[in-house]
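The same subunit A turns up in both complexes below, where it pairs with subunit B and then with subunit C.
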Partner chain A sequence: MLEMTRRTFLKISAGTTAAAVAVPKVLHAMENELGGKDFSPVTLAERLAIPTNCHVCNIQDGAIAFVENGRIVKLEGNPEHVSTRGRLCAKGNSGMWYTYDPDRILYPLKRVGARGEGKWKRISWDEALAEVAQKLDAAIKEDPNTICMKYGRNRSGGVIDRFMNTLGSATVINHTSVCESSKKIGMEPTWGPDIETPDFANAKYILNFGSNIMEAAYFHNPYSQRITEGVAENNAKLVTFDVRLSNTAGRSDEWIPVFPGTDGAVALAIGHVILRENLQDTDFIDTWCNVSTAELKAHYKQFTPEWASGLSGVPAETIERVAREFALTKPATTYTYRGPAKHLYGSYNEKATMMLSIMTGNVEKRGGYCMPRGMGWPQPQPEPPKPAHPSAMAHPHEYPLAGHKVSHLLPYFIAEGRQKINVHFSYQDNAVYTNPGAQAYWGKLYRDEKLIPYYVALTPFMGEEAALADLILPDCPYLERWEPESMPNSLWPWLGIRQPVIKSLGESRENRIMMRDIIWKMDPDGKRGMKQYWNFKDGEDYMRQHFDNVPGLKEAGGLDFLKKHGVWPIYGKLNPRTGKISDRTGREIVPEYGLHMKELSASDMTGTSVDGKGTIMKNGKAIGVRRNGKNYVGFPTGNRLINIRVDEWAKYGFNPMPTFKQIPWHKDMKDDEMVLTTYKINVHKQARTASVKWLAEIMHSNPVWMNTETGAKLGVKTGDLVRIESTVGHMVTKAYVFEGIHPKVVAIPTAFGHWEYGRLATLKLKEKEAGEFGATDDADLNNVWWEDKGVHPNAIIPTVVDPIGGSQGWYDTVVKVTKAGPNDKYGDVEGSWEKHLVAAKETMRYAYNGDLHRKMHPEMASWAGPASVKPGEGGGHH
Partner chain B sequence: MSELRISSIETRGVPGKKRYAMVIDLRRCIGCMACQVACKAEFDVPLGVFRTWVPYKVVGKYPTVRKMFMPRLCNHCDDPPCVRSCPVEATYKVEDGGFVLQRYERCIGCKACMASCPYNARFMLPRHRSYTNITSVVDKCTFCHHRVSQGMVPACVQTCVGRSRIFGDLNDPGSEVSYLVNTLPTQVLRPEEGTKPHVFYIGADRNHTEIGRTIYDPSDVMNAERVMFEKNQRS
Partner chain C sequence: MTTATLQKVTHDESGFSNDELVAECRARASVYRMLAGAFLEEPSAEYLNALRSAEAMATLQAMGVKFAGDFTDVPLAQLQEMLACEYAVLFVVAGGCPPVESIRLTGRYQQQPFFEARDFYKKHGFEISNGRFAVFEDQIGVELTFLAEMLERAAHHLESRDVESYTHLEKEIKRFWALHPGKWVRGYATLLERASEHSFYRQMGRLLGSFAEWELELLGVRVDDLDGGKLKVPKAEIEYEFDPDEPVCDACDKGRKDGDDLDAMLQTIDTSLIEKRIKGKA
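The block that comes next holds the complex of A and B.
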């Protein structure tokens, strides 16, 4: 008998290579597929699958909608989507309820009765368009800039700009300043992009400053997937600085509570320790930054851990320990979202945090801090020219560096008469609910027919803003629209499409159709030259003009490919065994790293000159940097370097180097004063999900969080009513007393306490019939079991503007919290229009030309003052 | 087979038979609630009742505080008390795969199964639903039998953002669930009940595995549910 040793086995198999059986192979299991198909649990019939792009929030996951008997019954992540990998969050899973909201508006409505009285008349589209066209004509005659567009979430792919440019108005007001603008402005002049894309899955250490990435933030779903991979499969350590125990903080290896607005000081002190102990990546700094390691060391000397500890409450030894861990664990990355940025000097905070990834050389490394990867698409031709005159409200002169605008100052500007409004549009925007001041401030503005003589809301829902409109044009919810999409939500770029999953309900019309119809009404025969920019048959035709000529996609089939797959390119197959994308060989796909180290080609180099610093210039523009004899593309900044020193900030008297400014009114807080912060939770977005039943069921009320120690001091237990008073108003809500929050902070999530937005959001299901505006009832709403809708805090939050980035300081409000008195009722909210105007005026004193600017910047004593900067010179994001 | 077999329909190690299980890796659960909502959509589950739910608990003292999430669903036991307690054989176990399912047409709504389930995984469907006309009978998680039998994972697993829920065949030694159960410490809920659950938890802290079970505490929540149910029957 032949004894089968390893040696003889090898000998035999070597002679019989054709007999594949001889090579033992570990067989892979038959795992069930992770997505792409769904079946009715009742009939077992396969549900019709249509790929589209999620748009409950702005993460922009690839999605598949499943349709049964013409009804959208289920939503899934698109398994072919490289970022989404088949999964959606709770919000994305419930997006069909936008379509089937029983209180949805399905035809144009005209106000009858007083503004906000709630009396409406159904009118035809033709009547509605004629009325809008007539108002617009009159406005254009006076001055096109008297037409104002206030949009919130604009993913139209350029349609809204096209509309406003066609009308000739530059008065386009976005929502970015209540969102994330100071994060963007903190980053853009430094390294180019407005956001980072950390390689969480491959990181070994993740230092998170104030981002609640596991619940909300950019890019919740794809990033949460990668963070859990990093933590569970790669043993990454996750450390979170936050004022409260978000789910992210609660699932971190370490939660380090920090006093609001002081993340930047902590980050600077961590940098101080890294540089003091010589743990920085000298080579990276000296090669890629406009400040040398020696200069950086000298600059960071001032930011001692003891100094930061005094401001933030984080022990100095914790700062030192985290600094060493972060610098010595490679690869590592920082991550931030609104925590550091939404403060008076949020831009400084953001820059201070990103400095840590820069000085440790983790930029564009596997497992490190990478630049976003995105894709674009061409616009249909011809395009309307830009408006002739700039708008004094869209780009206020006080904020030349705020390239993402200062939208939340709009009520102040209109009230002070900075610019007249004749026609006001809102598109997918509920400023009356989402902005600081809310009903007390924006509500008053929108109600005032002198300030806003004519207001058109483009929306399918009776939100707090729409309820104050003169005319409502029913837009389509996202599952009924065409829109191009791309988001840098993983390390692989992609193009996607939102396509109608069902025929739009009722008489609703998607944004591009509705705006086209307005323009066509104004210029029916094209004589005014407006109609030529709106030359398309329907939404699909418009998409064809976007997508049929994108190189690569064109060869793959253009729009038809996107209609079939929802996304392009497809990088591989979702592996049911790993949940990751595998290539044809079964290996996990690997992204491209080191984008800044791409070398310029010989043709790129023709006609260039290289200056003493190695900057490669072509036609007066820097296109790269020469380092060690190689011509690299560098970073997408003006000089292709990382600008640790931002010279354009110095021009306006701001500190060009990494720095920190304590919020002045936080300095002398009394014992009974606290800081009020707001936050987003896992199952809601800001303003538009309270009417989504599955999300409202999970969370429908929002008691104010306070620390056990604080509760004991105030004599407040969970469930007790408390009164919260700020400089601009007060509110009464219930308390939730527990261990997961800084003792000097109270926190209230937004998304609750609606006074409009339909019967579910306002819990008025019995007071009105479903389908007031044409929609079909949902019998399940008979099962609503909760009786608390929460309280919305924004009316007591004053306007604060970051003088650099323009951000609202959401987390800067000092409040007094007391046990509620005998006259306080749950849900009381009171705010004052006058006090909100005073707050806006006060915060503008910090602007570069305000009287507090110099006082806040003693280190910039040599700055020649605001008069030294010519209007329009330098600054901002172009 | 050295292991004690307590049920005639148990398929542990039976060749040709599947033994589906779910592994819930609590290290990876971020409490995003996607699973809970995906399940609502998959089955048109009415408000007030859940086939799967994710309770949480805050543990520790400031500043050393953590948040624990505890996804729950039917454990598809090998020895299911609900099957034994059903007087009309409305509840049964599918041998190939191990699904514990409900025959709606036989259910008389006596709730004996609800009372006997140690995991409170069963509930009474209210009279109103959005578009499905199966109402006023007991319902529960099916491990998405209708999807799994057609080669797909359950809806909650499909959408699990943290990939905390993993589903597969324990009888297949090469499957991911086999790998996880065989190589990592796992726990089942209430092992003392002898139910032999098919939901395995990684990283479950026995001090906290009872959290959220009381969402259907018979003495407490079921009464509220009964009140709600009766109210809905009237309306």
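The block that comes next holds the complex of A and C.
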């Protein structure tokens, strides 16, 4: 028998470790199912699992709805979804409360009192459709463009445009200018796509400009996962420039506070250091860009760290260090969302930040800055033709480069009589809450029957906008409707669907059905030629027309495959040990990189010509670029290159090269003035979650963030009331004083302070003994322990328009903050319609044909002026 | 045993003849329908006309229902329009108080009560047939309509001298009251009285509450109203005196005593309250 003591055992153990490691692992800890199944805790019966795509916000996470006895009882992530890999955020987990919301609108409602008075009558669909059809017929007789559609979160897959095209109206106003349009316009002419898809998981260095990606930005859920992998598994360094200590900044290796709107200057200075120290990827620049390294070096000389430091407050040495780290660490990527873009010259800021990934050659590399991967689907045929005449409001002539429109100028345009409106529709768009000016500006517009004679809100909820409508048509929440879906939220393209997981409640109808019914009412026998474009039986039939002939998907089963899985393709299986998708061999799936370096086939090259710059032309269009004897597809721009110089911008007197413009009214701010910024949080979206159970309980109020130093100066401590005044109004709210914000900035999250949108959003149940119509007696409301619904800041935020990209300057508002006075009370909000109109007029002075344009662009002195450009020559997506 | 009990009620102690019981069932059904008409959807002209007839007004007045001038003195078309608006504000528009059991008891549409009610109707061969508007299975108007139909059937069984079927149906009516309207309509009725600006719904709320009390007493069903409109005690302290998931005969484990004949008890109903009530009325 062997003799073993504790000491010999230790020696044996130490000496045999290597051998022990080499033994095959045949056992793993038992794993539970990683989703996809759920069981009733009472009956233990398996619940019906129906895959869909989440649409609480717009990240489009793959989801599964579990239904028990006809009731949606739970939502969770779809483990087959390649982007979100079985995870769903707090908002997504709460989605079923839209369906069962006690304040949901379930029938067509017709206004019977004054607008906004709250007096309604329920009418039948037939009555509602007849009324709408009659109003539309009258409008079409006068001018189809007098029919306006203002949409917000439109994921209908083309239905809204089909509807408006059928009516012959081009007055389609989206919401992108209050979202991220200047980011899109900063990017599109440069490299083609309107967004990037960074490979965070494989990056070694992530430079984040103003995006709260781990909490709220595009694409929060899938990107949070990848950033976490990059940081935790790949040892990536995450550096965040932000005006406040966001949840992303707080989880970064470094948070660098920056003065609002100066991210672009910081990025240019980082570029300056990179080029000065020859740390750029010369080969990439000279091969793929329309500006040479030498030209770029010359151009960037002006953007010194000291210059940027003076503007941004970021120390020059920090800029120098970050520049070296970023350039010398490979692979690396930048990321932005609204932070740099939502300013007067947001497009320049976006361009400046993306330049860092370009000049370091991190584009389309593993761990780098990649192009988005998406998938399309065909439209049901036939399609209506485009409207005969353009709309002066949809594409205002002052903003020819703003291809994603300038939606937030609508009140100004209507007030000035630019275009008459006879019938106004809103679809999932609560502009009275979400837009600059809010109730003071959009509320006034929607109340005024002279400006908007007839207003139809297509919505399931009584939002601030719907409360001012003449007619409400009850749309379905997302768990009750069909929609095609695809989002570039990972490096693997996918197609997906939303499908009804239960029959819709009451008499609500999904968007395509109600629009079809309106058209059918107008053209019952098809003689007007409208009905032919709405030839489908139901939502599922429409989806079949989208999906049953998509190559690859067709062979897999078309729509039936999507109904069963929710997404296509299925790239692999969610690995319970890694939480990532593995292929059949158990290895993690790997995306395709270098899309621009795909070579054109011989058949592609047939009939082409190649010009002196290597551009491969076919039928008058650039299809690729020749480099080193090879024919590549290049980038999806007009010349298949990355356009560091955007000549189209120069046509309108804008600087075609990367540049920065300081916001003029930020230059001379007084000591007691600050910049008001807004932000989103993880459990709410902009306007539509305040009444969602769970989410409302988690967060329901929004004190204004203020730096400790600022608080001390003003004599304000956490909980004190403060008065915040801008040029267009004032508000009174509570302060939250701490160190996590730039001293010259105050920040307020949106999603709070509703005056409509149901009982949890408004908390009217707390206002009087019996609540509103007895709402206080709702059993569930006995659990509402909070009494603070927050204060909404948008009424005091004036309209600002980026003259290039059209974005609202959400983060440009200069305010004066003081301790509240004796007459101020919590929740006071006051804004002026007249002052908002003045602000809109003022911001238009920066447009290419405005009187301040030249002053802001002395470097473009040789520009021949607005008269040199023919109207309608603008770029972007018209 | 069941037969004996019933016979005792119908002939011996109540003093009600079989025909009188039939008439009473139909009278109760009529009240159920009249109340349902106020809630199912916006009152029709026919309904309002019938309600404003001298005979109906006198009957309602005798029961203590006092409509104000906004109901009695307004031209019919105007009244209908006013009530349609009031209906929308009270029951349809955000911030209102839909007369729907799921909302009242769980704060959400289409929850467990909805499915249970639907199953109950199905068990008795009923399904929803929408009127002018789609309506939830656990809407008060539907629940009242169902009870009216059940009472009609009960009357029919009495007419046919099918005491066993009548007894079964009466048990089912009790069960439905205990499982559904008994849990919420009394509290809800008080809420409606407070919330309505029009005397029609205020008075209908009063009538609904009183009628519910009356019916529950008549049926001998004792169930706490869980609706917040009347809730006076924390929910956790509520105890069912009538267990809705058990037969209506104290046959549950909690109520059974050693030596009780369970099978016999299953066939028995406690009719003492009914007897008392009927005697009182007679």
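Some observations on this one:
Keep in mind that, in the parts below, the second predicted complex is superposed on the first by the 831 of 878 C-alpha atoms of A that agree within 3 Å, B and C clash if a C-alpha of one lies under 4 Å from a C-alpha of the other, contacts with A are read in each partner's own complex, and residues count from 1 in each chain.
In this section, a residue touches a chain if its C-beta (ideal position, glycine included) is under 8 Å from a C-beta of that chain, and two chains touch if they have at least 3 such contacts.
Only a predicted model underlies this, so the values are computations on that prediction, with no experimental measurement involved.
In the superposition on chain A, A:A602 contacts neither subunit B nor subunit C. With both structures placed on the common chain, the touch criterion links A:L109 to subunit C but leaves subunit B unconnected.
Judged by the touch definition given at the top, the superposed model places A:L44 against subunit B, while subunit C stays out of reach. Which of subunit B and subunit C touches more residues of subunit A: that partner is B. When both complexes are overlaid on chain A, the residue A:A861 reaches neither subunit B nor subunit C. Judged by the touch definition given at the top, the superposed model places A:N782 against both subunit B and subunit C. Judged by the touch definition given at the top, the superposed model places A:R71 against both subunit B and subunit C.
Look at A:I256: by the touch rule set out above, it reaches subunit B but stays clear of subunit C. Residue overlap on subunit A between the subunit B contacts of one complex and the subunit C contacts of the other covers 71, 100, 693, 778-782. Taken in their complex, subunit C has these residues touching subunit A: 42, 81, 84-85, 87-90, 92-98, 102-112, 115, 132-134, 136, 187, 191-192, 194-195, 226-229, 231.
For subunit B in complex with subunit A, the residues that touch the partner chain are 25, 27-28, 30-34, 36-38, 40-44, 46-48, 58, 60-63, 65-67, 126-132, 134, 142, 144, 146-148, 150-153, 155, 157-164, 167-169, 172-176, 178, 228, 232, 235.
Listing the residues of subunit A that touch subunit B in their complex gives 26-35, 37-42, 44, 71, 73-77, 86-90, 92-94, 96, 100, 214-215, 220-221, 224-225, 228-229, 231-232, 245, 247-251, 255-257, 576-577, 579, 682-683, 693-695, 697-698, 707-709, 738-741, 743, 778-785.
On the subunit A side of its complex with subunit C, the touching residues are 69-71, 97, 99-107, 109, 112, 118-122, 124, 461-462, 505-507, 693, 756-759, 762, 764, 770, 772-782.
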